[in-house]
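Each of the next two complexes has chain A plus one more chain, namely chain B in the first and chain C in the second.
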Partner chain A sequence: MNKYAPHIDHGRIAQLLTKSTEQLDDQIVSSLHQASATALQRQRAHQHAFSLSTIGHRAHNLMPHSTHQWVAATIILAAILVSLAGYWQQAQDKHNLDIDILTDELPIELFVDK
Partner chain B sequence: MKSLIITLALCFTFHIQFVRAAPEPWQKLTPSEQQALIPVYPLWSTLPETQQHHLKRLAQHYHDLDPKAKQRFDSRLATWAKLTPEQRQAAREKYHAYTQLPQEKREQVKQIVKQNQATQAQQQPVSGTPIAPVMTLQAPLNKP
Partner chain C sequence: MPASKEKKLATQAELSQFLSRIERRAYKHAVFAMHDSHTALDVVQDAMIKLAEKYGDKPAEELPLLFHRILQNTIRDHCRRQKVRTSWTTLFSAFQSKNAEEEFDPLDVLEDGENQSAPATPDAHFAQKQTIAQIEDALKILPARQREAFLLRYWEGLDTAETAFAMGCTEGSVKTHCSRANHALAEALKAKGVDLS
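Let's turn to the complex of A and B:
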């Protein structure tokens, strides 16, 4: 099909089509207009649906697909949770120790290096 | 997969950012926090934000303390806030080591401290100046 492509003059075809439409009945022209408008409306609706599906597609890309990916994601998530728990626990221990130092019977100077 | 890792890493970073406290003027503290932190009021604006956040967390326990503990907390908080982070960490380590001692050893330490305080009070009965530290625990405490 490509080898015939250079012989096709798009401008000439357009001219012929324009001339042909001038010879068509008004009823046919109006039907063609209506068909064209309907087609354009459908195209717009399709584009809208495409943008929604793109978001869905990107969200889908974030999800692991294979078992290996699921395992890796679970390990990463577990590591993050463990480190967060460790961080909170360490902070909690520090607060508890500080409260104990600040309220103990023994004077604070006993534990502080000046 | 790469996107998932990036998303998780971002969540973690934002979480840490969220955990870090923003600097807070004294006026923005709740009345309950202000009451607990009144000993550090003169220092408040000079304290680093992490320390402000830490002190605010300490203040949450204040209202659960008994009157004697509250009195100690009030008298020690300013001294505690003026220490460097390294000094506070060293104090925590010493205190932790002290808590690991057997009960009778801890009682001995308390007795020695009380005796020293009494001796020093007898030596300076009318001066009105606060009693200086009578002794300092030397790490490691857990040696027999």
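Let's turn to the complex of A and C:
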């Protein structure tokens, strides 16, 4: 290779290349506009998908992940169910007693002082 | 790359402006590398979509450098895929008749391009067009890395560090590629009788 390369004017080459971009066919220019529009549309769609996935991600964070968390969640759920069942049973007993009082069908044991 | 924490993130309008500003130059970069208009359009669209989807919310000042890096990577991916496709075609064509061996060669297209620009007229506009065609032809026959370095450095006006980032190589490599590209380009243009000194 020749050590002493002839000098070229980079500025002039850059200027001519920039000029060449102004001489593109209309069809190519419209295809490029279309490509830009598609890219922008895809960005909007991507942002939307990202925000939906963020909601999903937060909901996922609330779910238990480890065994300990699952056991604790099960105990809490069982305690809630037992409390609800007890409350429902007590309400049912009171309801039965009220009916008995109203119909004068109370058993004799209820009047005995224990 | 400079830290982006303190910079304002690009808005949709800024991204749109950036894409419309860069689209023609990006197409030219792709055409020089791919030698085919349709493939170049595909490459530019791919690069734009990647930028918009993955880096569309980056600060506006960072977009040019990111885009050039994406564009160069996309060009390289397409070239690799084209090479694999060509090798498979060559493999299958070995089982076909001898006439089928005449396949597409980018150099044939380049020779045709030279012939088209042969008739010279005194018209200044036509002369300029011819000079542009000759520069483009000289750029197309440069090795890919030399062409990338030359265009990013002298056409896009990136400094050595930015060019190195866009090309994914060291600054030393950029300097070497630029020097070789300068030499090859000057020789090619001199041979064509184009004086740009």
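Note that the second predicted complex is superposed on the first by the 72 of 114 C-alpha atoms of A that agree within 3 Å, B and C clash if a C-alpha of one lies under 4 Å from a C-alpha of the other, contacts with A are read in each partner's own complex, and residues count from 1 in each chain.
The criterion applied here is as follows: a residue touches a chain if its C-beta (ideal position, glycine included) is under 8 Å from a C-beta of that chain, and two chains touch if they have at least 3 such contacts.
Model, not experiment: these values are computed from the prediction.
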Which of chain B and chain C A:9 touches, first, second, both or neither: second
Contacts of A:84 with chain B and chain C, given as first, second, both or neither: first
Contacts of A:35 with chain B and chain C, given as first, second, both or neither: second
Partner chain(s) touched by A:73 [first = chain B, second = chain C, both, neither]: first
Chain B versus chain C as contact partner of A:19, first or second or both or neither: second
First (chain B), second (chain C), both or neither touched by A:107: first
Footprint overlap on chain A, comparing chain B with chain C: none
Interfacial residue positions of chain B with respect to chain A in the complex: 1, 3-5, 7-8, 11-12, 15, 19, 54, 57-58, 61, 65, 69, 72-73, 76-77, 79-80, 83, 87-88, 90-92, 94-96, 98-99, 109-110, 113, 117, 132-137
Contact set on chain C toward chain A in their complex: 12, 15-16, 19-20, 23-25, 27-28, 37, 41, 44-45, 48-49, 51-53, 56-57, 128-129, 131-132, 135-136, 151, 154-155, 157, 179, 182-183, 185-187, 189-190, 196-197
Residues of chain A defined as touching chain B within the complex: 61-64, 69, 72-73, 76-77, 80, 84, 87, 94-95, 97-114
Contact set on chain A toward chain C in their complex: 1-2, 5-10, 12-14, 16-24, 28-29, 31-33, 35-36, 38-40, 42-44, 46-47
